[in-house]
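Chain nomenclature is as follows: A, B, C and D, assigned in order of appearance, with residue numbering initiated at 1 for each chain independently.
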Amino acid sequence: MLTVSMKVNEQAVSGEVEDRTLLVEFLRENLRLTGTHVGCDTSQCGACVVHVDGASVKSCTMLAVQADGCDVTTIEGLTNGAELHPMQQAFKDNHGLQCGFCTPGMVMSAIDIVNRNGSGVDEATVRKELEGNICRCTGYHNIVKAVQAGAKNMGG
Amino acid sequence: MEIISEQRIPASRDEVWAALNDTEILKQAMPGCESFEAIEENVFEAKITAKVGPVKAKFKFNVELTDIDAPNGYTIKGEGQGGVAGFAKGSAKVDLTEDGVETILAYNVQANVGGKLAQLGARLIDGTAKKMADEFFGNFNELLGGTDSA
Amino acid sequence: MAENGIGANVRRKEDHRFLTGKGNYTDDLNVAGQTHAYFVRSPHAHATINSVDTSAAAAAEGVVAVLTGDDLAADGIGPLICGVNVTSDDGEPHRAPVHSALAQGKVNYVGDHVAVVIAETLAQAKDAAEKVEVDYGILPAVTATASAADEGQQQIHDVAPNNICYNWPFGDKEAVDAAFESAHKISSLDLINNRMVTNAMEPRAAVGEYNSGTEEITLHLTTQNPHVHRLVMSAFNQLAPEHKLRVVGPDVGGGFGVKIFVYAEELVVGWACRKVNRPVKWTSDRTEAFLADAHGRDHVAHAEMALDENGKFLAMRVNTTANLGAYLSTFATMVPSYLYAFLLAGQYSTPLIYSEVKAVFTNTAPVDACRGAGRPEATFLLERLVDVCAEDMGLDPAEIRRRNFIPVDAFPYQTPVVQCYDSGDYNAALDKALALADYDGFAGRAEEAKSRGKRRGIGLSSYVEACGIAPSQAVGQLGAGVGLWESAQVRFNPTGNVQVFTGTHSHGQGHETTFAQLVTEQLGVPIENIEVIHGDTAKTQFGMGTYGSRSLAVGGVAIAKACEKLIEKGKKIAAHALEAAEGDIEFADGNFIVAGTDKAMNIAEVAFNAYVPHSYPEGLEPGFDENAFFDPMNFSFPAGTHICEVEVDPDTGEVEIVKYSAVDDFGKLINPMIVEGQVHGGIVHGVGQALLEGCQYDTDGQLVTASYMDYAMPRADNVPSFDVDYAPTNPPHNPLGVKGCGEAGAIGAPPAVINAITNALGIKHIDMPATPENVWRAAQSAG
Amino acid sequence: MYNFSYQKVTSVDDAVEAMQKADDGKFVAGGQTMLPTMKHRLASPSDVIDLGGIEDLKGICMDGDAISIGAMTTHAEVAASSDVQSAIPALAKLAGNIGDPAVRNRGTIGGSIANNDPAADYPAAVIALGATVKTNKREIAGDEFFTGMFETALEEDELITSISFPKTEAAAYMKFENPASRYAIVGVFVAKSGDEVKVVVTGATACEHRGMRL
């Protein structure tokens, strides 16, 4: 067993993990942050996307120990009150979610897209950049709208 | 998956035929082979570690020589269990033809995998089967003093 | 209209928890003392089990138990069942092989369940599973649908000679044959409806707990229908008496049919938690989901249409082979029969239809309902055939549809295949769709594309589906084991807020919002004071669950009926409290008013009064809590026209959907925002089937598309944004005037996409999925 | 995943030493191929030697007429590098189309090249651009580095430290993606340098990268 320490959603946390423990397992099982989901086992669906040191990663394809000392943000860390993060709000306003299972990963990827592409990101870029996130419910139409609206909201 | 190819071997057909029935040579030719032991006549047990990129799986193969037609050729058949990785089975029909002092070894390989390897490695199955077959017969050629000519 | 009532685009009540990571899915649940289950699955498609040696696994670290089919049988756990009977042409019921949750003596597909390992941790369970020694006697596998019933094929089940589950002819063959004899033209088509893996994003999961003190099992499941799970597991699997079995479906991460069925894993978890007297958790990984979730579709069909000289359809003849997989899943028999053949009339007035369906067993995963279930198969066949007819007759695809549409004044319309359509205006939807798609401007766009080396095509699909599943009387006559009414309970708390209990269960459709809109509209209670509760057999009364676009059309009506009862009771209470005659009380906008006076009570005050029943007269019961059941008289029949425009690159075979227009008739829309989302999702499910998704077994029965590496799911960059509009009609038998919208897109889209591709390339047909390779080959051969 | 011993190293020497000591060790760079394989239990190294902590292996710098990219530089960093964008824009574009954004944030150029997946993108660029693969032991010409499907000239305890790409006059990379995995079904890298035009194809044979000079 190893001890890992990191900052998750601005809180310092540490825990005992096996060498093989994945970051997503540490988040879900050790920290009980169950908003980060596991939807596949080949790193494609994106339900597990979190931010590590500000960059989106698939937490099912990273060891917990590899995040030792890092700054991790999960869906739970975007807001700590009733007020939603602008991207979360945009998903709600634009009906960018249905069953909600892919949603945390979608929102984390969306914020990453805006961070890299700015508040005026166009539809084609959003669609291309969402290739690592699969949704079966929405047909993406409203997710794309939500990301663009969220981008504007984030841009101020 | 079917692979058809041939090797030109600088040895007589009888020599090649003898080598095809020499467990030590078969063992050395087989990529990743750790042991190759006769269980009964023309039946062997082979332990092979197959390594394809990130995948590394240990297989226990039952190998059988059939359709024996000395010194013209035979069919070598194998079925292997790779534990959690699944299983593999394949056969190679080998035909020897004299060509002057040399021998043409023609092979026709059929290979299949099952279990996780089939479920997850579909895009790599054909390439891997071809690679393993060509390596085996290329190595075999080299063990007889030739160069891989597939 | 009440604020946030019917017709309002209310933002969803459930979204806050989903958006903040506070959803509560089955795998999110951990129970103190829980163990983990992992299944030993067959790597072979077809084999006898000569022996199973569990001793090494049982002795492995952390292992609590290793259980096999023998243990299951010893405990009297019954086999998995199929709930719908289809009578075969020999007059006998369909052939139903025994389907044990853990195999007994034989495995019949890759992924079939051989044993389960229960251990302290999942890793230990997986480690031990590798130590279970199974001696298989490998048998040849049957995988191809078309040849499964051929002479000399390997036999899979003794009870099913020639691997046939049923032969099911329907219609007047002689009359149809006669119509073909005298037809002006016969158009025909051979096609395949590709096999799909449903792929809800949340994999299936189960957490079972047993309380030895109360002898009660609580089973948390990824389920679309908790009561159906409880009923089947209790009545047919003998897991526990119904009152000692609680099934909870918490938040469910997508269903699309795949979470309707009672599967081996869920039943085994329920049984094992009692056997080991510890909580047991199982979560499918994605590869297991590919192997062992019920798959969808998989038809091979030949279709023919007889036409007169004006392009009117005289008769249709269809021959279909449907692959049901290795065993019968819960509703498998119904999908290629009642949900398929009875929709073959589509939107057309074809007077004669004859259909033969041969349902076959193969060594593949069981096949059952997947979004649309049967209707996409019928629609794809019919709408492709209609395009072939148009080509054969030299008619525009829109024109041939128009000539054959059931006219608006013919409703209710009795088709030759059982169904009686409720309402529809198919021309209205077509006209609106043609305008939305700028159909008239297509030729110009095609020319412009040609100048860039691309080929444009436009494809129509005019579908009709039957949903609001299912009227008990109708399906009972067909052989369904159960009718599918729905229940609701609307309960006021004393302080005036409302809890709505429904037997349906949301897995993404937004019931918590839509149903609250119904209640706020009817009772005038602010929407934030209304909570919808579902998915727990301990909380809600018996209900049938969610599938077949039934929740609003059936469950919603039950809620409305319960609300009506509350209003009636409220009048009695208000009359008592306001010292007026009951007949003088009127109800409007949440207020009970004594007619012609300013004396009034709002409904919250009535609720409080009902729970503080001072001096109630005899016959007036306290409490403000009503339940209702609704069993519709008929299905509802959403319909519409979808138009897809594609651009094909003949050099690469790549297909780009450049425009997609959908005009649907769903009756009245309660929350248009949610409805539109359902349409989008359905379209992309259908586009996925048309362009990307194809489940492939090799000839040995190995599943070679068992992950997202090889099974192509539609992603955001595969599709455009959509143009969606409506052409509603009013279904007379539905009190809310609603029809159902969840499956429409998946039904309408596949033929629209394929018709667009055949149009672009000038070819008769291309099978799905129209991958770049297939399209390129077709383009090459078309020249 | 089977358990293993995780080794975090901070220098190339430590990495090599850890590998030599390990029973059946495996270097892991970004882990985007290795970890999924291990999750499926299709690989079971005794030791996972994580190169992520070796600062020397990261970064991009101009080195005369070449651009040198550290082995542990992520695809995202290559794609976003203004140096790469100006020196060899096709390479930046190639990197920006590997996997998806989250994968590009973890996956590295060294890991991709060492793995030599027959459908990977980078090997085509390495060969076509005449890059040099620098290891802890030697320098290997791009042409000679890739020896077969998933096989390279690397020895067991040898690891890539950087890849040096000479500037090129003109280059472009196009790929036709598998709709599911988004790996290249076929990818073609074309590079022009003086009178020589090199074309390298990835994917197509499912076996190795084929190059030719025009």
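One rule holds in what follows: a residue touches a chain if its C-beta (ideal position, glycine included) is under 8 Å from a C-beta of that chain, and two chains touch if they have at least 3 such contacts.
Everything numeric here is computed off the predicted structure, so don't read it as measured data.
Farthest chain from subunit C, comparing Cα centres?
Most distant chain from subunit C: B.
Hey, which pair has more contacts between C-betas, B-D or A-C?
Of B-D and A-C, it is A-C that has more C-beta pairs in contact.
Using mean CA coordinates as chain centres, what's the subunit A-subunit B distance in Å?
48
If you average the CA atoms of subunit B and of subunit D, how many Å lie between those two points?
31
From the mean C-alpha coordinate of subunit A to that of subunit D, what's the distance rounded to whole Å?
Computed from C-alpha means, the inter-chain centre distance equals 27 Å.
Counting only residues that touch at least two other chains, what does the list for subunit C look like?
123, 287, 705, 707-710, 713
Going through subunit D residue by residue, note those that touch at least 2 other chains and give them in order.
Where subunit D meets two or more other chains at a single residue, that happens at 1-3, 38, 40-41, 178, 181.
Which residue numbers or ranges of subunit B touch two or more of the other chains?
In subunit B, the residues touching two or more other chains are 84, 116, 120, 123.
Can you name the residues of subunit B that touch subunit C in the complex?
Touch residues, subunit B against subunit C: 83-84, 86-87, 112-116, 118-120, 122-123, 125.
Flag every residue of subunit B that touches subunit D in the complex, lowest number first.
Spelled out, the residues of subunit B in touch with subunit D are 52-57, 84-85, 116-117, 120-121, 123-124, 126-128, 130-131.
So in the complex, the part of subunit D that touches subunit C is made up of which residues?
Residues in contact with subunit C: 1-3, 40-41, 176, 178-181.
Of all residues in subunit D, which touch subunit A in the complex?
That would be residues 1-6, 8, 31-32, 35-36, 38-40, 48, 50, 52, 76, 99-103, 105-106, 181-182 of subunit D.
Which of the residues in subunit C come into contact with subunit D in the complex?
Where subunit C meets subunit D, its residues are 123, 126-127, 287, 652, 691-692, 705, 708-713, 718, 771-772.
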